[in-house]
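Structure below; questions to follow.
The first chain written gets the first letter, and so on, giving A, B, C, D, E, F, G and H; residue counts start at 1 in each chain.
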Amino acid sequence: MNELLRILRAVEQGELSVEAAARQLKTEPFADLGYAKVDHHRRLRQGAAEVVYGAGKTPEQILGICRDLYRDGNPVLVTRLDAEAAETVGRELPLDYRPLPRLGIVGTQPPHDTENLIIVATGGTSDIPVAEEAAVTAEFLGCPVTRLYDVGVSGLHRLLAQLDVLLQARAVVAVAGMEGALPSVIGGLVDCPVIAVPTSVGYGASFGGAAALLAMLNSCASGVSVVNIDNGFGAGYLAAMIGHIGE
Amino acid sequence: MNELLRILRAVEQGELSVEAAARQLKTEPFADLGYAKVDHHRRLRQGAAEVVYGAGKTPEQILGICRDLYRDGNPVLVTRLDAEAAETVGRELPLDYRPLPRLGIVGTQPPHDTENLIIVATGGTSDIPVAEEAAVTAEFLGCPVTRLYDVGVSGLHRLLAQLDVLLQARAVVAVAGMEGALPSVIGGLVDCPVIAVPTSVGYGASFGGAAALLAMLNSCASGVSVVNIDNGFGAGYLAAMIGHIGE
Amino acid sequence: MNELLRILRAVEQGELSVEAAARQLKTEPFADLGYAKVDHHRRLRQGAAEVVYGAGKTPEQILGICRDLYRDGNPVLVTRLDAEAAETVGRELPLDYRPLPRLGIVGTQPPHDTENLIIVATGGTSDIPVAEEAAVTAEFLGCPVTRLYDVGVSGLHRLLAQLDVLLQARAVVAVAGMEGALPSVIGGLVDCPVIAVPTSVGYGASFGGAAALLAMLNSCASGVSVVNIDNGFGAGYLAAMIGHIGE
Amino acid sequence: MNELLRILRAVEQGELSVEAAARQLKTEPFADLGYAKVDHHRRLRQGAAEVVYGAGKTPEQILGICRDLYRDGNPVLVTRLDAEAAETVGRELPLDYRPLPRLGIVGTQPPHDTENLIIVATGGTSDIPVAEEAAVTAEFLGCPVTRLYDVGVSGLHRLLAQLDVLLQARAVVAVAGMEGALPSVIGGLVDCPVIAVPTSVGYGASFGGAAALLAMLNSCASGVSVVNIDNGFGAGYLAAMIGHIGE
Amino acid sequence: MNELLRILRAVEQGELSVEAAARQLKTEPFADLGYAKVDHHRRLRQGAAEVVYGAGKTPEQILGICRDLYRDGNPVLVTRLDAEAAETVGRELPLDYRPLPRLGIVGTQPPHDTENLIIVATGGTSDIPVAEEAAVTAEFLGCPVTRLYDVGVSGLHRLLAQLDVLLQARAVVAVAGMEGALPSVIGGLVDCPVIAVPTSVGYGASFGGAAALLAMLNSCASGVSVVNIDNGFGAGYLAAMIGHIGE
Amino acid sequence: MNELLRILRAVEQGELSVEAAARQLKTEPFADLGYAKVDHHRRLRQGAAEVVYGAGKTPEQILGICRDLYRDGNPVLVTRLDAEAAETVGRELPLDYRPLPRLGIVGTQPPHDTENLIIVATGGTSDIPVAEEAAVTAEFLGCPVTRLYDVGVSGLHRLLAQLDVLLQARAVVAVAGMEGALPSVIGGLVDCPVIAVPTSVGYGASFGGAAALLAMLNSCASGVSVVNIDNGFGAGYLAAMIGHIGE
Amino acid sequence: MNELLRILRAVEQGELSVEAAARQLKTEPFADLGYAKVDHHRRLRQGAAEVVYGAGKTPEQILGICRDLYRDGNPVLVTRLDAEAAETVGRELPLDYRPLPRLGIVGTQPPHDTENLIIVATGGTSDIPVAEEAAVTAEFLGCPVTRLYDVGVSGLHRLLAQLDVLLQARAVVAVAGMEGALPSVIGGLVDCPVIAVPTSVGYGASFGGAAALLAMLNSCASGVSVVNIDNGFGAGYLAAMIGHIGE
Amino acid sequence: MNELLRILRAVEQGELSVEAAARQLKTEPFADLGYAKVDHHRRLRQGAAEVVYGAGKTPEQILGICRDLYRDGNPVLVTRLDAEAAETVGRELPLDYRPLPRLGIVGTQPPHDTENLIIVATGGTSDIPVAEEAAVTAEFLGCPVTRLYDVGVSGLHRLLAQLDVLLQARAVVAVAGMEGALPSVIGGLVDCPVIAVPTSVGYGASFGGAAALLAMLNSCASGVSVVNIDNGFGAGYLAAMIGHIGE
């Protein structure tokens, strides 16, 4: 439940004085580390999982934030974590680091808390790092994940051979660079939300993933929406959110 | 269930001869009108709702497709339907035409078949036509919809005043042109999927909605995904898909 | 055979004086109408077919060029011919005008002079005008053409149902707007050249066909090459060139 | 012939049980290495040549795919193969590595199986690496290739001096960066397909090859089509495809 | 000679009081019409030719400026003059209006005052309006002009047939849309400055002339410089400036 | 003072019950007209001036909002008001309409309430409509304005002649299209904030004002900031805000 | 006061001979170091602060300019100063170097000379280097600065908790990458000028900060203007200029 | 004189047999080094100066071309010559290497052969490397050059102080990055051709020099034309060409 509203309602119902409410609003929702306001309120599941975006932060800043978030023993997912920062964090905190998607998990990953399946598919082998970012994120947030890698549209039989699996998904994360056609084809086969992730895989007129991005935004399949180029985390987070609907 | 797979399984289980399967695969899934292959297989709900994309088709083509789809009495939603084509269709078929979002419904809109609420919000008054396309689509596909219009981020109190309503949504469609910040702000307030729709509202450096599109793709709020500029239909369809999860 | 080289060789072999060669080089290859240099040398087939690009020329200029090219009775194809110019030309010359692809044929279209099949496929109904430009061009230049319209990748069964036909092609012209994925999927199914034609069909982030263009340039299928947005003529011309190889 | 169709027809003709067909469809066309689905079906010629795209794959992944493809002794072409990966592959498999176009051939390149000539031309010296990728690819796939390098349009006499050779081509691959005018000029001289390859050679307003790409897409010469920036492989593959027509 | 400097020097040499100098600096160089400051100082030749840019001005504003400039009987060139404004001006002043390049000359065009030849060449027929803007401007400013129209690079013999003429130019204005290759080819043939004018002629990936503009900026021929898309006036003005060097 | 904070403080100080506070927060700051939330809180000066952005609103919507805002007799400025909507509004309310900048003032413009001078300068005559939007806005909001029109950088003496005036400004609004150099030159002459307004005046490579916009963003003069293309209102509003500092 | 005008007036009032005036105009305003013309006239405050832009200059050039500017003991701010150049300068001159914003101050920073508060806010932790460039610049130029870091719009409570502080600002510098929404939200909360600084923080469709830049240019909040991507110095300078109005 | 035409005329006048002419046309104009066709015909002056573009060529290729061109003792200018290649060339040939503009001169630079002055001006210190490329090129080709560096438009007095010098130019090369306004201002002061060179100096929204490029293309000053970003050589070459007109 939304913390801001909870406080306002507590005031309305007399459970909280105005002064305490104001104080809570100003101080509690986050720990102010100076360089970052660590937010203790954004959780997808009860008693669980925090996420830190590692890019553009120094190893020391990342460690500081992880230390703060992990003080209650809740596991923490760190994305865009380079090897150097991973070493800094791992020296003090228990870190499970995956170099390919550059992800780290501080503490113990919680077990699945839903049976709704997320499928993560890629067009090619080079898209796997981004796909892994999505897959590990969705798993970290409690969803079972099936990976279908290298099933791009220029070899349809590879994809059609997996139709059985595809049709069991609660949501599909479709990751592709180059022409970015995978989400359109999958979107025409399944009846669940397809989250399209363009990747920067490609060269020349791929313009750093812009070609795939535009293709996905123009998908003529219904049920397809798009996240930023290489944003595996965003897709995995949204997939997990959909995976928990009704739980 | 996916028709393609059903046929293949029927063959496997001996319920269908190979010849019949091949014939079905080639002929049944759509009616070939010459200029269009009308697809009788894509339905979100049992016994319901077909959709026709009207742009780039002549009034006669639209009428022909609607006639084919409506022959079983199922209601048909026509998007991007201009006034002239609406008149052509309305002369022969029962059409409820909404000029603002340029939508038409052939036949009778079915009642809601879920209680999961979809919220459609806009940054400004000028975004309403796109928002209505999303809202009417979601309603047509069976979801209750609440509209929160003109709640843009440069006047936060207008949005915060609706926090109660926002927090009841199964999914939010956030429609905005210009700087496109609405989905980011809403995404930080709610815990459900936010479908961002950039609009071409604006001038100069909005570059036909590209500014809002880029802003939404770069949203730092989790749970936000994006559809094409002015694609109210796509957002409404996806919202309805999410609205029916678990039903 | 190349006219320029023929003249130079005739000089070498003493069949032509230098003076005559120079005169021919300067005057014969084209008729100078002042506003245009009408080229009598570019012909794909013996005794046949000239082409005029109508855009950006006045009706009178088009008529003048057609009159010059048609003086030997050879049929003339005029592309990008609007209705007004068609009327001007048709008043003096025998013109078969097709309004949808805005093409006109002056004189009588010659019969096929090859059996090699060209297939023209489109993703949607709205791509048909561009596809017809390609198809009529290839037919005008002597190739049999089969049309497969509205077989876009978000409904794969429509395309797979036509696999038999697709595999008979000498070359495929794949016409698509929006996400432009059709050539990639077809390129993975056939073993012949696929000429991809992006169309300006779409809205928002299609950016006038740029999205489809980029997708096609990034196709991961082999054998795919691309022409300009909406350039049905160029695709039809190249397809006919391939259709006549070995004849 | 297309494998997918062959299987379906075998079923129709009673040569294959449905169960076996389904099994073949799902398992045979490719070897699943986990990180890649190696496709044994895509061959341009009988008993020959496989291609691996090396970019974005680890040296170990490339070696694994080559090992799988080479197990029948068929030669394998690896494109975008950097020196480090070449060393990894060369330690286990017989590799002929060409550093300039970053290509490697595992096994023995087969002799020509057609006499149809492919010409590869470049505008400048700096375009040679991309041109070599095209030339080696076409040779690997069985075509004789003639190279015309440094014949850019700002010194026409260099190109015109080669007119004799140009006119013997079955297809021309025209490689150019900067203003990208070479394909237009060649397209006006020859009567065969011209495959235009823009390169990223240039600086400033070449925008990584976009200037050349746009110029080529807007070519006013007929018979010209375009592949991605620096995509020598794609051009060589398509040229070889055209080179084998009628064989 | 530069007026600003002349005044300062007159002050230095005692020919002008500081007060008068200040007054002159502030008031004389232009007539202030309120909506425009008409500049009486910018003249290419003694006793001659003023230029007005007509776009974005009302017919009345254009008339007012022309009236002011023409009060000494000097001829005035008005560019981007639409038919309506031409009628307004022509009602009061002696106007020679050319509709194709949308140019008007108020008063009598002066005879040539140099023998240095300017050549204006175009790639196609559709580029003629822009070329005429350049040609008429150069003529108005006193240069003899030879026109070479429709000599695009996809038919080299048309251009090479004019080599004699080309080599006599003091400066060449090369006007082309689409792939914009004409200036590069001409730049490789001549030894004088080539002023490249991209035009908005084309469609699709010409992006309003951007393709031609980029190609020209990347020209590998020396001696080529570029003006804005469709800026025939700028090219003609610069050509006339070069045409008068040494006079 | 900020209304939101005032309410919260009233609650803290016991002057307002929580219930009343919540009610105020939700209802008072704006009048909900259904299609728009009219904001009664955004005022630059005591007892004064409201602004309505007219683009994208129907004449009836604009009239409705003006009626609501004007009910206390406060004057209302309507920007981007086309002639048709002006007629609708003017039929019921006292409207002073300026067609050039498409602005309307409902009620009586208040007199200046500061002596701090705003200068609005333009590069050319065609920039005047945007400049007038800025000038009228600043006047409406209480500032005296001096206009310096047609003082573009290609005729420096026109600008330098006005140096006296320029140096008296509290803030300068510099409006220019094409190369957009005016703010840089002015920024180097004055010591006050320069608000740069790019305009869409120009053609070809001005790309709708993008060239001027980019030039202004890259200004090497200090004290320059930029608003959207053609955004005269935004510049005038900001200038008036600066004009009232310390009042 | 403007030096140029002062000289001209001195001439008018007879206090300066024309010769001396000309000499002063040509020589005094700057020291010509050959590679740079060091400007001694641009000062925001009496007896104070010079600024050097360090990018693209060699360490020796920077040192030379600093030496010249510092010869009177006035402190000098050097922006975009990398560590190597800092070392070169620091070896000869007293330098306070801040590595994060890559700024150096030669000499002693003067104390505040105004009480008007500048607030510098950032959306995230990664925006801090740019924000520090703004903050240190404003402090160097004499303003007190309050920093509000990591208050991005996807966690509104972090920003609203600082409303008290925000409302005390004379001007706000709002620094944000990614979707760039912070200035719009702040612009809706405060009544003072908001200077928006887009940063290159982000990836994929942020296109090096272009997404944030476009969002800020399209801000629907009034009072917002924009500087170049990552231009913290420009924002700090403008903020200090506004901070000194009326002093 | 044009070599191609000379040969054709010799044939016409019987001074050359057809066979010899053909042989000459094919072999003489350039030495074929395999990787490059060295052109012995492109010379601006009698008995002089060749130019080699060094980018994208290996040190060995550059050395080979220089050796061939220098065999008659004519000096050779090599542009875009990095330090490593300079060392390779300098080991065998007499090389004068300038690291800043990365230029090398093989042999002895010839003395001026004209008195017509070229002026090279820059907006800032960082533009000097590009300006030096232009200046050295023009000097190498025989023109006297005056440098006016760091005279950008945000400090007009620095430019106006050099007006005397500017007015003596036969042609001005105006080099500027960032907002690229220098050519417009200079173009308004002088009456000779201004060659604008945008540089990639800048950051953020300079987009690698695109902002300056666009500004220069949109210059409202007459007589201004533009070359590619950072193309100092092209500007220097064109300036020298103009410098020799009439000689």
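Throughout what follows, contacts are C-beta pairs under 8 Å (C-beta built on N, C-alpha and C of every residue); 3 or more make two chains touch, one makes a residue touch a chain.
Please read these numbers as outputs of a predicted model, since none were measured by experiment.
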Of F-H and E-H, whichever chain pair has more C-beta contact pairs: F-H
Determine, among D-E, A-G or B-G, the equivalent of interface D-H; equivalence here requires over half of the contact pairs to be the same by residue number. A-G
Centre distance in Å when subunit C and subunit E are each reduced to the mean of their C-alpha atoms: 38
Measuring from the mean C-alpha position of subunit C to the mean C-alpha position of subunit H, what distance in angstrom results? 42
Junction residues of subunit C, two or more chains touched: 4, 42, 124, 155-156, 189, 204-207, 210, 213, 217-218, 222, 228-229
Note: in the complex, subunit D contacts subunit E through residues 123-124, 152-156, 177-181, 184-185, 187-189, 202, 204-207, 210-212, 214-222
For subunit D, which residues are in contact with subunit C within the complex? 1-2, 4-5, 42, 44, 51, 163-164, 167, 170, 189-193, 195, 213, 217-218, 222-229, 234-235, 237-238, 241-242, 245-246
For subunit G, which residues count as touching subunit H in their complex? 3-4, 25-27, 29-30, 34-37, 39, 42, 55-57, 61, 198, 200, 208-210, 213, 228-231
Applying the document's contact rule, which stretches of subunit B touch subunit F when the two form their complex? 124-126, 128, 149-151, 155-158, 160-161, 201, 203-207
